[in-house]
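Quick one: this structure, given as structure tokens, is what I'll be asking you about.
Chain nomenclature is as follows: A, B, C and D, assigned in order of appearance, with residue numbering initiated at 1 for each chain independently.
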Amino acid sequence: MAGPEHSCGVVGVAADCDVVFYMHRALNVIQHRGQESAGISVFSEGKVTTVKNDGLVSEALNEAALAGVSGKVGIGHVRYSTVGSKGVLNAQPFTVEYNGGTLAIAHNGDLTNHRELRAQYLDKGWSFISDSDSEIIIRLIAKYLSEGEDIIKAIRSTMAKIDGAYSLCVLDNDVVYAIRDPYGFRPLCIGKVAGGYMAVSESAAIDSLGGKFVRDVEPGEIVRITKDSLESFPLDKPSQKAHCMFEWIYFARPDSVMDGREVYDVRKQVGIILAKEAPADVDLIMPVPDSGRAHALGYSIGSGIPYEEGFMKNRFVGRTFILPDQKLREQAVSMKMNAIRSTVNGKRILIVDDSIVRGTTLKKLINVLRDAGAKEVHVRIGSPPIIAPCYYGVDMKSRDQFIATKYSVEEIRKIIGADSLAYISLEGMVKALGFPADDLCLACTNGLYPTPIEGEKLRPQKQ
Amino acid sequence: MAGPEHSCGVVGVAADCDVVFYMHRALNVIQHRGQESAGISVFSEGKVTTVKNDGLVSEALNEAALAGVSGKVGIGHVRYSTVGSKGVLNAQPFTVEYNGGTLAIAHNGDLTNHRELRAQYLDKGWSFISDSDSEIIIRLIAKYLSEGEDIIKAIRSTMAKIDGAYSLCVLDNDVVYAIRDPYGFRPLCIGKVAGGYMAVSESAAIDSLGGKFVRDVEPGEIVRITKDSLESFPLDKPSQKAHCMFEWIYFARPDSVMDGREVYDVRKQVGIILAKEAPADVDLIMPVPDSGRAHALGYSIGSGIPYEEGFMKNRFVGRTFILPDQKLREQAVSMKMNAIRSTVNGKRILIVDDSIVRGTTLKKLINVLRDAGAKEVHVRIGSPPIIAPCYYGVDMKSRDQFIATKYSVEEIRKIIGADSLAYISLEGMVKALGFPADDLCLACTNGLYPTPIEGEKLRPQKQ
Amino acid sequence: MAGPEHSCGVVGVAADCDVVFYMHRALNVIQHRGQESAGISVFSEGKVTTVKNDGLVSEALNEAALAGVSGKVGIGHVRYSTVGSKGVLNAQPFTVEYNGGTLAIAHNGDLTNHRELRAQYLDKGWSFISDSDSEIIIRLIAKYLSEGEDIIKAIRSTMAKIDGAYSLCVLDNDVVYAIRDPYGFRPLCIGKVAGGYMAVSESAAIDSLGGKFVRDVEPGEIVRITKDSLESFPLDKPSQKAHCMFEWIYFARPDSVMDGREVYDVRKQVGIILAKEAPADVDLIMPVPDSGRAHALGYSIGSGIPYEEGFMKNRFVGRTFILPDQKLREQAVSMKMNAIRSTVNGKRILIVDDSIVRGTTLKKLINVLRDAGAKEVHVRIGSPPIIAPCYYGVDMKSRDQFIATKYSVEEIRKIIGADSLAYISLEGMVKALGFPADDLCLACTNGLYPTPIEGEKLRPQKQ
Amino acid sequence: MAGPEHSCGVVGVAADCDVVFYMHRALNVIQHRGQESAGISVFSEGKVTTVKNDGLVSEALNEAALAGVSGKVGIGHVRYSTVGSKGVLNAQPFTVEYNGGTLAIAHNGDLTNHRELRAQYLDKGWSFISDSDSEIIIRLIAKYLSEGEDIIKAIRSTMAKIDGAYSLCVLDNDVVYAIRDPYGFRPLCIGKVAGGYMAVSESAAIDSLGGKFVRDVEPGEIVRITKDSLESFPLDKPSQKAHCMFEWIYFARPDSVMDGREVYDVRKQVGIILAKEAPADVDLIMPVPDSGRAHALGYSIGSGIPYEEGFMKNRFVGRTFILPDQKLREQAVSMKMNAIRSTVNGKRILIVDDSIVRGTTLKKLINVLRDAGAKEVHVRIGSPPIIAPCYYGVDMKSRDQFIATKYSVEEIRKIIGADSLAYISLEGMVKALGFPADDLCLACTNGLYPTPIEGEKLRPQKQ
């Protein structure tokens, strides 16, 4: 899928050793969640040091940047969105000094009442340094702390004010708190690593550190993390869940497990169900590499039709060469993926991808296949059509950007030039995900939002 | 495979338009054949301009480097080997001015009598500017031209002097010649592109330009290429072929076709034959991404055992972070590939790769699988053990670097920690390749060399 | 002089055209005041855009960084000090959103009650995003504005709270304010440029824009700057001035004029007076390039002894080559300046510089002269010995760093290896400066501070 | 002067220690002679290693480039001219392998019969790798060595073939030869350094290494340099000298001494003579920094009129900011130099520079002075008008580029906007230089060439 890009990723670690390496590796493993900036805050000898810069983890947190930075407790962040001023001012972690020391925050998600809260506190005489909704979260926590609340109380008071999606790692001097909003929109899980504990957006990061997955942070829960212990502060009453289905379908790594469901397995199930829902009389099944691979394998299993790798990615294609004319430029884009002629030539082919946002990439791939001699090209999509914006942390803010709000499936088929096109049904996808539909946020596919959003429909509420 | 790296890649184009873009794209497509330096020479308005630099095509031939460079005829090169002095002095194309104008050469392969020829001409009073065997080729052509021979005669006279492997693109002022040694060690093929013709190491480059594959350059053949025509100057008598089998097994792109055989298909056949030769009682077949994917699909087809993607590459892992201790450093290397726990856990797994050189990568991958809960890990290899050096252009120069010269298959199994290990037989691989064994260079697997090499055995000669 | 580095520089412009170019050039001209980071804030279409980065103006504010940035009102900053966290978090301009819009600030100087103010407001529940004393200034202004004061009142209320040195440019939405503390420690002046008006740290920046110097901002004055007008809000009662004498002696450009005195002329007068106070029987007068040139010319005029350029700077000396041993490393440092042997050989030489902080550079230069054959080397210094720290914006915070607090003049002479050494007297320097001594801050040379500093002596107060 | 840029610089060292640092520093000191590329060749353990790259010494020969490079004998080069192909192919040292080992060459100067020699040897069947005239020199030496001549004989045979300007350092395996053409166009001198001897273009490099100047290489002389000895192979008969006068007037460092004359002193004498030849009724004398400083001091001495520093260079002016319109762009160029208003305002000023090539810089400076209030601006030039091209190594190849071939002195005065303009006379300059006119090459000022050049006049030959 070439449309909605990733949101953000967070990590927090407390251990009996320098945690900079832990955070660096973990941020690398969740780098796909945000490639605009990266940062860490560590606590050492009474003070918090923050390093954050634009770019990939390997650039933003390179050796020079991290020289002399160490500590046994810290949080980190990779960031996608580009809201706000230029430069690294909105990079995270975001830190403030308050009268009890230093607070730092790493945030994945979007507050839905950010503008209202901001206006309200501006009217109270506050001034804000950034455009980020994370600033209001940390300033509110600091405010409640300054007013004498303890940290758990201060976080709860803050959670009572803020609405929307937030998975947070908060560093209060030398203690890490992992916090997830009451709906559990974005993932956050806990792991045991050598010498301590960590919280991180995706479990694959725990694996990569040789650690053991402990459990997910529950919706609405606050977990206090020290090198020796995990202490839970759950919500008083169980919340109504709304896990973002797109995390499994598209965002997360295949090797992550979230809220009990393995991502790779969900995608394979999607393929198996798609094969039943939308069969095709073809010679072979091919994935769009690398996003559609698990879905395509599932379709092959479900249909009994052979799986083949028929695309070849051009790893080294440079981005800097300005091409002489428009036609060449279009060719150059297609050049990112070649077809293996011997596999494709004369065949009826079905390709599987996770989603369609604008359809431009698929159109090019179908052309590549036809140029390589494919007799027919059919397309199956591992999610229902996207028709509504996301207010919970995915960069799909406007209905205009979705092909499926403007065209019917048949029209999209014509636009991308496929011989047939089918999406998995909402029911089919929910079944593959393995959760009750009520526990998922499906708003981008059905327009029913788990929380009140002005101008949008609220999903039916549980009794 | 992490051992023998690629050799080099060449391209030559003549067309009725600026060929710089053609060469730039073609070199990008064959970038896997050499990532140390890249260069092009173009002829325009009576003179040859050469741009060559260290680095990938996208860096070495970036916009700034190519500003103002254009021409309707040219050759290009990507280079692997690091023989000779530092810097770009050995980058190609290599050019000389002679009394008839300018010659430029792009060379893939190694001469086996380079040292003897060099000594011989030093004794005749020549001086050499570089360590490269390509210099002696072009200086000999220039010498014969200066002595009044026509270009075809001069190339033939040069070919009579030089032994070993060479696929060449030569630019003599405004004409391109594609030349392949009499054994056809390295690939070279011809394509029709809009406005003209091209020669290039791999056919995928022709596809990527929207061109049509015409044919391979025959062993020993010289092809004169102009925008309008191809003129063939074949060897007088048919040569004894010796195509490097490693080109299909490892070097070339899956989407290339060389000497009539599709690379992807060869690899799948290897897998199918391996499944028959060395069956295994396992739950699933997994490729080592991306090198073993076609072989593994073949094994799955041959065995009827499901194919799964169980490894996840970490795309963003940075190379610059210096890790605090040796143990972390080892972990970091393994971090390039994670296992998908849900796929692997509790399973008997067979992984397939194209070859083993040192065995270090496989050992790490097997560890990763066991850490992720694999019950058994079996390994199948798509080529016979490598036991002898290559003198024909692959960077495997010493017997010491091969694990298979020091250890038995059983010992290697123990070293890498597999539950079972098997290589395809030489016969099996030859069968998959689809050529008579006599037409292949199999020296690295059987120690029998197609041409006389001091201290090595000559393969039985055809009558 | 190689010791106290520069403080900071500020600019503010309002004009009937895009002011980004004005600010870029002005910051370049005052680049010597701060080379750690550079930034600008411009107001356009209802919002303030800030671009700031580490590095020189030419890097931090390069074309890419400024792409699309424009506006008719703006402020800018170059920064020296390295207080606070790593990275650009402390770069300026510093901006906040308050309930009336956006405030931005550029600050040159140091508050002397920063820690007290910060503690006081932390106790009131505020949280701070940076370590910078500029944050408290702008947050206080925002606070008073939020409480309903008008901007002039809010600035006055803030000035009533803050002590120490501050020359400020403040951007309140689309209006620029230039503000100078009541003592006038740091310079700030006003100019007329095509289409509007500007405030800037040094008058040379006005010249370089083809503008006309209007006047200095008075100590304690606020000047509202629009494209059409200058509006003055002076202090109610005249303040006691304390212009930093080092601005003329060392910091400022020779081509600047501050508080009515030309820098180049002050330095020449210093030399003339030095020649009377501390004559020497030598053959020639040489400057330490480029800092001592005007002083040396003055000494030559005052003494009638010929002026010669006897040092040659090595412009291209690289900083990156790590030298094999300590001795070579020392030589390498000396290599930044060679002597012109023909000028120096056999001569009695007097060199003039502006100040001595640690003495290491002078020692090396004297060695260079002796190696080149100088018969005698005498040294004259254009300021009195520095013996006390600066709390008003110069990076000389500790007594330990001054050679003159540890050694007598005679001891320093021996350390640097001169045949004679003399400093100008305090009276002499004050005379050259041309101000009443009461209007200058001379604390670093006499230990008497214009404002109360804990643990330091207050200078006698005017009645 | 902003016109003719520098030619090249060479160095050769033999010592009882690693000479890489010696060469690195020496090349830094002569960096002004060429800033396009830099390189060194060192001999160690039987082989020559060459490192050369584009850029300044500090970039081209940075730590990474020199890692592991060491040796007790070596030569080095900094290069100006941009003749030939792109990239580092024409960077020096230039090396060849011949049957006796390796030869390397570093060359300052231009051969006047390069094209003829090249054609001649192309006709003999040679092929050339570069466009550089240095290749033919080294290939000829190699040829004569291969034919059995000893190295001195081979160099002499080569010198018999080549015409024009050449100061060479040649490395024949482990011995360094310093060679100067029979006219002595370009400088080359010998020094004693710790552990050995060196040859270098300018004596300042010897000083900077703490060495002692020994003597100049004589015109036509070959000097064999080892760590222990200097062995001279002079010309049989004394040659007719033709030292390039521009070396003293413009190219060389003020702190160098060449052929017995100190550069700084020559320039001061030029000023003194100019003051007599072309007096002016002005208030002060100012140099164009930094090129005219010594000339201006001389004029001040000669005239008795005070010397002042009235220009201020803007050190930090960036080159990358693209300015919005042409007018601003012109202003930006002027911004490289500001006037010190207090010095300049209301004064009659005389500025001195070394030469005028195109006049554009002077025109701008005069404007800057007038904008700063100068009442009159007079210009004096320390060399006669340049009216003829240089064929001996200076990049002034065409008559069209000289303002003085197109305009009279009065016209030039008007173009640059001066109140008066005068050049030193040829006789005056020769007198300042202190050589017989017959020993100088004055061709660029009088059109009479020391050696035959097709289409140019030969200077009267000595009997």
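Throughout what follows, contacts are C-beta pairs under 8 Å (C-beta built on N, C-alpha and C of every residue); 3 or more make two chains touch, one makes a residue touch a chain.
Here the structure is a predicted model, which means the values were calculated and not measured.
Ranked by how far their CA centres sit from the centre of chain C, the chains are topped by B. Here the spacing of chain B and chain D, counted between their Cα centres, is 48 Å. Note: centroid distance chain B to chain C, computed from Cα atoms, is 62 Å. Distance between chain A and chain B, defined via averaged C-alpha coordinates, is recorded as 39 Å.
Residue positions of chain C touching 2 or more other chains: there are none.
Listed by label, the pairs of touching chains are A-B, A-C, B-D, C-D. Against chain B, the residues of chain D that register as touching in their complex are 49-53, 65, 85-89, 94-99, 103, 122-131, 138-139, 142-143, 146-147. Chain D contributes residues 18, 21, 24-25, 28-29, 31-32, 35, 56-59, 61-63, 66, 204, 207-210, 253-255, 257, 262-265, 293-294, 297, 301, 306-309, 312, 314-324, 328, 331-332, 335, 338-343, 371-372 to its touches with chain C in the complex.
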